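Read through the structures below before going on.
Two complexes follow with chain A in common, the first pairing it with chain B and the second with chain C.
Here is the complex of A and B:
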C-alpha cells in the first residue's frame, strides 16, 4: 500500500508512494489549458478539407466575415504571408504550412480559421465559408505511392512521393546470405495507422504583442522543445520573441501532443491578424481526422539463418506512410530505433532499405512506442517465421539468439550501446510466469477439441531518452560531412532544486508530464538526496521558456524522465546537499565529508546526536548570507543540465547510439479465437520488464498497464481507416474503437532489475513499455492459433471481421 | 440567437444564468458557472469525461443542453470532497493509482459513485460494466477497477462501523 507523505525514511526511491498530483486531480482542481483565463479571449474554429487531394481554386469567406461576433477569417494565403514553411528533417523541398496553401493533401487539412467571440459563432461562420475545390486523384498506400508510376504526385516540386530514402548497411549481409542454410521471409507485412488519442485533445491559446513583435502561446505541447526553434523559423522570429507556457496539467499525451505545434503556429498567426488573444480547443472529430498518429508501415523482412536456428543477418525493406506532408520530427519513425534495429538479438549483419513516403492520409509523428511497435511487429513476426521454417519452438529460437547477460554494455551493429540487461533471465521469467509448457499442453487439448488457441512470444529492447543525433541518419554521411553543417548530438535535461528559508525544497523539472507522476517521482528522489520527508519537497512542472533554464531536448517524450530527468534533478539535489554540508561543517566543527543528512537534519556520521536542522542551514544561507563560509554564494540552489557522453552524432557508417538507456521487455500471450465470429479473446498475458531501478513501482505498473492496452488496441481494435477515395472512416469514438474496461485483458507483470550504469539512479525510461511489444505478441499468438489452418498473419488490426474473412477464405479452399 | 434564463442548483448552491438554447450543459458548467473540474473529451457522448449528476442520475453533460437542466440539481466532481476531505471513493483512487493524467477522472468518479450508490458490493465484472462508457487512455483501466472495488470495501466497513 502507498506510503504517506509526512513519514520520514531513509529511502523513498523504490517505494510505491501515493502520487502528490492526485488530490487536485481527484477534486476537479487541475489546471489544463482550457481552464486558463485570459482577458478578452476569443475562440477559433477551423474549416477543414473534405477532399483527400484537391486544388483550392478560391475561398469566399464574405458571409462568414459578415456574421456578428466574427472578428476575422484567416486563409492559407495569409498564413503563407505571415509564416514560412516549417523546417524539415529531410532534403525533399516539401512546403508544409499550418494551413493549406493552394492545395489540400488530406481529409481534415486546415483550409481556413474563423476567430469569433465564442466557439459556437466561430463554427457557424465556418459553415458559411465557400471553398471552390478541384478534386484530384489520391494515393493512400505507401508502397504504391513509390512504386506505381501511375500514382499521383502530391508535391509537384518534389517530383515523387518519397520524402526520404536511405539504405543503411551494417556488417555484411551478402556474407551472411552466402553462409546461410536457409533464407526466411515474412512476405508483405502491413502495420496499421493508429494513435493514442489522449482524452484531452490539442489545445492552444496565443497572444501577439505588437510592441515587442513577440508571441506568447499557452498549450499542452509536451516537447521535444526542439519544436520551439522550429516554430521560430516558421514564424520568422528569433527565439526571444516566442514564449511557450505549459500549464501544470496535460490530459494525456503519449507523444501525440508533440505535434500540436502547427496549430500553435496557426493560432499565433490568428492572434497576430486579429490583434486579439485566440484560443482553439480541438474537438474529437478534429483530433481523429487530423491531429497525429503513428505511421502505417509496409515492410518486407528476410533473415539468413543456420539450421540450428542461429540468425546471421536480417534485411528489411520499409515504406513508412507519413501522410500528406512530412512533418518534423518525421521521418523519425524510421530512425528512432536506429541503435536497436537488431532488437534483443546477437546477429551482426543488417540492411535497412527504408522510405518515408507521402500519401493522402493525415500526418504522423511520435505515438507512444514511436517506431518500435512498427519495428518489432516485423522483427518478431520474422523470428516466428524462422521457428516455423526450422520446426523449432518460438521461445527456443529466441533464447538461442538473445544477447547474453555477460555482454553488457553491448554495442549493436547499428551503434546502439545497450547499457545493461539480462535478456535470457527476463524471457525465462515470462515463460515461467505464463507456465509456458502447461500452456502448450492446453493448446494441444484445445486444438484436439476443434478450438483455435494460439500462444505468442515477443521480445523488445525498449529504448529511452533519445539522442537527437539519430534523426540526422536521415541525411547521408556525405550530407552530414558538408561544410558548415552543425552536427546534432545530445539528450540533455535540466533539474533545479532550491531550499527555501523555511528549509523546504522546491524543484523544477522541464519534463512537462501528462500523467506520469513526475511530481511524485521527483519528490521521492530529492527527499532521498536531501534527507527530507517527501511532503517537504515541492515540485513545479509548469513550464515557461522565458523563465526556465531548459534544453531544446527538454520535454516528455521517448520515455526520458526516469533516465535523464531523474538524473538531472538528482544531480542538482546532490549539489545542494554538498553546499548544505559545507555550511553545516563549521557549525558542527567537523569536515563536510564527515556529515550526512536525515530527518531534515545534518548529522555527524557515527554520532547522529550531533546535528543541526536543515532549516537552520537554510536560515543562514538566506538571512545571513554575508556570514557564510568563505567562497559560498548566498542561498541554497543548484541547477543541473544533465547529458550523456554516449550521445554522439552518427559516424560515417551511420552508426549512432540513438538512445541512452535501453530496457527490455519479454511477453507471452495466449489467445482463443471464436471461429463463428472471428473474435480474439486474450486468455493470458504476461509481460516482464527491465527498467533498471524502479523509482516508484506503482507508477511503473500503471505505465505498463496503460502501454500494454495501447498496444493491444492497435493490434485488435483501433485503426485510422480510409476508403479508396481517401475519405476518413473513423472520425468519432463510435468508429474509432478505443478499448473500454470490458476489453482490457488481465495482465500479469514481472520485473527483472538491471540498473543502468549510465544514469544517476540506475533507472531507465518505462513510459512506452508494452506499446512496442503488444502488437507483436498479439500477432504472433493469433498466427499460432491459425497456423493449423495454414492462415498467415501479416497485418493488423486483427478485427473480428478480418479474422472471420480469413477463416472463410480458407474454408472456401477446403482447408478449414 | 435568443437567450433563455436558467436557474439550477449546483453542488448545493443556487445559480442563475442565461444561455442560448443550443449551449451545451458542459460548456455552461465550465464557462458560465466557472467550475472547470468537468472535462470535455469528445462532445459526442462516447468518452464519459463530462458525466455529472442531474437530480442524482449520471448524465453526459456534453449531450445535454443547459436549458434542459433548468430547475434541476447538479452535482459535479467538485461536490465529492467535503470540507477539504476526500471522499472514500476519491481516497481509494489515490491509494490504488486509479488515475494518471486526471482528465477522464471526473467522469470516472461520477460513474463509480453512481454504481456504489446503487450496488454496495459490486463484482469486478459489474465495476467494469459500470465504467464501460468511460474512456481512459492512460491506465488500461486495471487500477481504476481496483480503486472502485477498494472504495466499495471502505464504504462497507464504514457502514458496519456506523
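Here is the complex of A and C:
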C-alpha cells in the first residue's frame, strides 16, 4: 500500500512509498543535459567510420568548413595534439583516443567532429567531409582473434589482439580432477553482445576557460568518478582544472553511461579548438552503433564431479570481446566477479584462463550485471550439464552444491566474503512458487502430446558495491608488488545531511541516480533517522565535482546505492541526530541518551509529552549558534564518507573481496517452443531475491522486473549483430529488438531477507538483479525443452530463426 | 551480400551484348544514374542517387569491365561511396542463347557498409533485386 508523505508515526524503511521523483519525471519537468542553455552554445555532430578496419589516408573537410554556420572541424590529428591516449587498466600499449587517429578499428568510431551553430548545419557538414580510407581485413570473433595466426592484428604496436591474459588458480584443480568420478564439459559457449537502451542517450556539453586553462563539462555521466582522474590524464590537466557537472536527472543508464567519458573528452577538445561552448546529444543510431555494450564472450567450462553430484572443481577458458580498443574500466568485465566466480556453490578448486581480446567491434564497458551474465550463463549451463551427465534433476544438483545457510560470512576460494544469505531456502522458495513438481508433470504430459516444453533453474550470487581493487587482478601479483605501485582498495561513498533553519532536512548522496528512485529511498532512510515525514526531507541529486564532497569511487554503478549510498546517508543522519539530541538535552533537562526523535520532535523516552520541536533545535543551531552547548559547531549538518573494511587489495594469490555485499537470486522458468516457427514463449517465470533489508519493496520489485526483462532481452531478442565484414546490422529498433510490454512475461517475485551485517541498514544492492540470471535460466529452459531431440543450447540469443534452424538440422538427421 | 539471378531478353545474343556495354544505354538504364563517363577503355566514373529504406543519398563510384569474352561473358567491378555508406562488389555476367532469346545470368557478391548496412540491412536484398530488375527492364525497352 502506498503511503502519504505526511505520516511519521511508523518507520518509512520497508514500505512501498510512492516515488517522490515521479511527479516531476512523468510530467516532463525533469532537467537533463539537453535542458542546459549556455550563451553562444554551439552544437556538434560526429562523423563516424563506415569501415570495421581501415587506414585513414586523408580527410578533406574543406567543403564542410566552408559551409555557413560551421565554426570548426576537429580531426584525430588535433585530438592527438590536445590530449594523451586514455590511461588503461592493462599493460598492453593500446593507444585509445576519443577520436580515430590514423586508423579506424570499428564501424561507428568517431573520425571527425563538426561544430556549428545548430545540429542541422553540423550534420549537413558531416556529409561534406571526404575521408579517404584504405580498408583492411577485419576479425570479429574473440577466439579467432587470439588463436588464428592469420587474423589481422588491430594494434601493430601491441603485436597481438590480446589486451590482457591471466590464469587465476584457486585451490588445486589438478587434485580435484584426479579425485573426480567424471569430467563434465560444456563445449564452446557463446554469449552475445548487447547493451542497454536508456531513453536518453549520451549527452555532453563542454566549455574551455583559456584564462585558467580549465574545462567544465556537463554530462549525464553517472560514475564511477574514477573517470575524472582518467580524463584529467587524457586532457593533461590536474584535477582542479576539470569540473564535472551532472544535472538533476539522467534518463536511464544501466552502466552504459559510465562510458560517456570519451565523448566528454572529445567535446572538451572541440570547445578548446573552437573557443566556444559545445554540446553534443547522441542520437539513437549513434547510441546503438558506438556507445557501449557488454562483451560477447566465448567460453569453455569443465567441472570435476563425484557420482553423487558433488562438484569438486571448475575450469574455465574465456575469450572476452572488448572491441577495437580496451577502454577503461575494461577488462573489468572479466574481473568484476572475481570474489563470486564460484557463484552459489561450495567447490573450492577453480581455474580461470581468461583473455580480454580486441576485435573490430564497438567498445564495451559496464552494462547492468557487468560480467555476471556472461559468468553465470557459463556456470549454470555447466551445472545443468553435470545433472544431464549424472542423470540427476537440475534442481537437485544445485541444492547439493549450495553454500549452506550456517556458513556466512563465507569466504570463497577467490577471496569474496559473502556477507549473508540462505541459498537453500531461496532455491526451495523458488521451486515451491513455481510448483516445480507439478511443472515437471505438465512437461511430461506436454512432451507426450508432441510439444516442446522445458524447465530451467538458475542461481546467482548477486554482487553489489564493487571494491575498486578487483580491477587490479588484471595485473599479476608481481606487477602489483613493484616498487612505487599504489594499491587500489576501497568502495566509499559520501552522504551529507543538514537541517535548515526551518527544521527541514536536505540530503546529498553522490549516487547520481538515473531513475532508480534514490530520492525516495534517501527520504525514507533520513525521515526514519530524524523522526520526520518524508515530505520534510529533500534530496539533491545534481552533482558537481567542485562543490560536492566526493571521492573517485562515487557514482551509480555496481548496484551500490542500497549498500554504500544508503549506509553513508544513514550514518550522516545519525550524526545529525546525535547533535540534535545534544542541543535538546539542556532544554529538556535530561541526558542526550534519554532522548529520541519522532513527529519532528525530540522527546524524552518514556514521557513523550516532554518534547521540543526539531525546528526549535534548528533555530538555535542557525540563529543562536553562540549559545549552543559547549563544544558544538554552529549549524546542523554532517557528512559521512562510508567505506568497507573488507575492501582490501588483492592478495598474492589473486584473492580479493571484489564486492562488499552479495545478494542471492534463484530462478525457475518454464518455456514452450513452437516447433513450426522456433518461437520461445515464456510460460512461467519465478524469481526469488535476497537483497537483505528491503528499503522500498516497490522499488526493489521494479528493479527486479526491469533486470529480468533486460536479461530476457539478451537471451531472446537483442543482439548487436555484425556481418562478416564487420558491418553493424542493428542500428535501429527495427533490428535491435528491445522487448516491449508485449514480450514481457508475467514475473512472480519472491523475497528471502538475510540482512547484511556489513551495511548500516542491512540492505544490499539490487539494481542489476535478474540481468545476471535471466540469460542462464532462459538457456537452461530452452535446453531442457530441446534435450529429447538431442539439441544442445550453447549460444544466445535463441531467436526463432536459430531455434528453427536447430530443429530443421535434427529433422534432417531423422531425430525429430 | 550474394547476388544471383537470370533475366531473359527477347533478342539475339550479339544485340544484347552490344546494348549491355553501350555507355549511353547504361547511363539511361542504371537506376538513379546522374552521370556516367568513360574515363578509360572499359572504365567508368558514375554518380548514382539511390534510396534504400529511409537512407537516400548520392554515391560516387567507379565501374570497371574486365575479362571481356565478347558475346559470352564479362566481369564487372563496382566501387562507390557516399554519405550514407559505401558499396564494393563484383559480378560475372554471362549470356546464353535460348532459341531466339538470350538469357543473362549474373552472380556476384557485394559488400555494403556504413549507414545503409546498419539500418537498411533487411531491405538490401529486396531493394537490390528491385534495382537489378529495373535495370534489365529498362534495358529491354532499349533493345526493342
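Things worth noting here:
Everything below uses one rule, namely that the second predicted complex is superposed on the first by the 815 of 816 C-alpha atoms of A that agree within 3 Å, B and C clash if a C-alpha of one lies under 4 Å from a C-alpha of the other, contacts with A are read in each partner's own complex, and residues count from 1 in each chain.
The criterion applied here is as follows: contacts are C-beta pairs under 8 Å (C-beta built on N, C-alpha and C of every residue); 3 or more make two chains touch, one makes a residue touch a chain.
If you're wondering where the values come from, they're calculated on a predicted model, not measured in any experiment.
Using the contact criterion defined above for the overlaid structures, shared-chain residue A:448 touches neither chain B nor chain C, since it reaches no partner.
In the superposition on chain A, A:812 makes contact with neither chain B nor chain C. Once the two complexes are laid over each other on the shared chain, residue contacts for A:676 go to neither chain B nor chain C. Set against each other, chain B and chain C differ in how many residues of chain A they touch, and the higher count belongs to B.
In the overlay built on the shared chain, the residue A:211 is in contact with neither chain B nor chain C. Of the two partner chains placed by the overlay, only chain B lies in contact with A:699; chain C stays clear of it.
In the superposition on chain A, contact of A:252 is made with chain B only, not with chain C. With both structures placed on the common chain, the touch criterion links A:486 to neither chain B nor chain C. In the superposed model, A:734 makes contact with both chain B and chain C.
Touched by chain B in one complex and by chain C in the other are residues 285, 732, 734 of chain A. Residues 81, 83, 85-86, 88, 111-115, 117-119, 121-122 of chain C are the ones touching chain A in the complex. Across the complex, chain B is touched by residues 1-2, 18-19, 21-30, 32, 34-35, 120, 196-201, 249-254, 283-285, 514-517, 698-699, 701-702, 705-710, 732-734, 738, 740-742, 744, 747 of chain A. Chain A meets chain C in the complex at residues 50-52, 107, 126-127, 135, 285, 289, 723, 725, 727-732, 734-735.
Those residues of chain B lying in contact with chain A across their complex are 20, 22-23, 30, 35-44, 46-47, 49, 76-78, 80-81, 86, 90, 93-95, 97, 99-106, 109, 127-129, 131-145.
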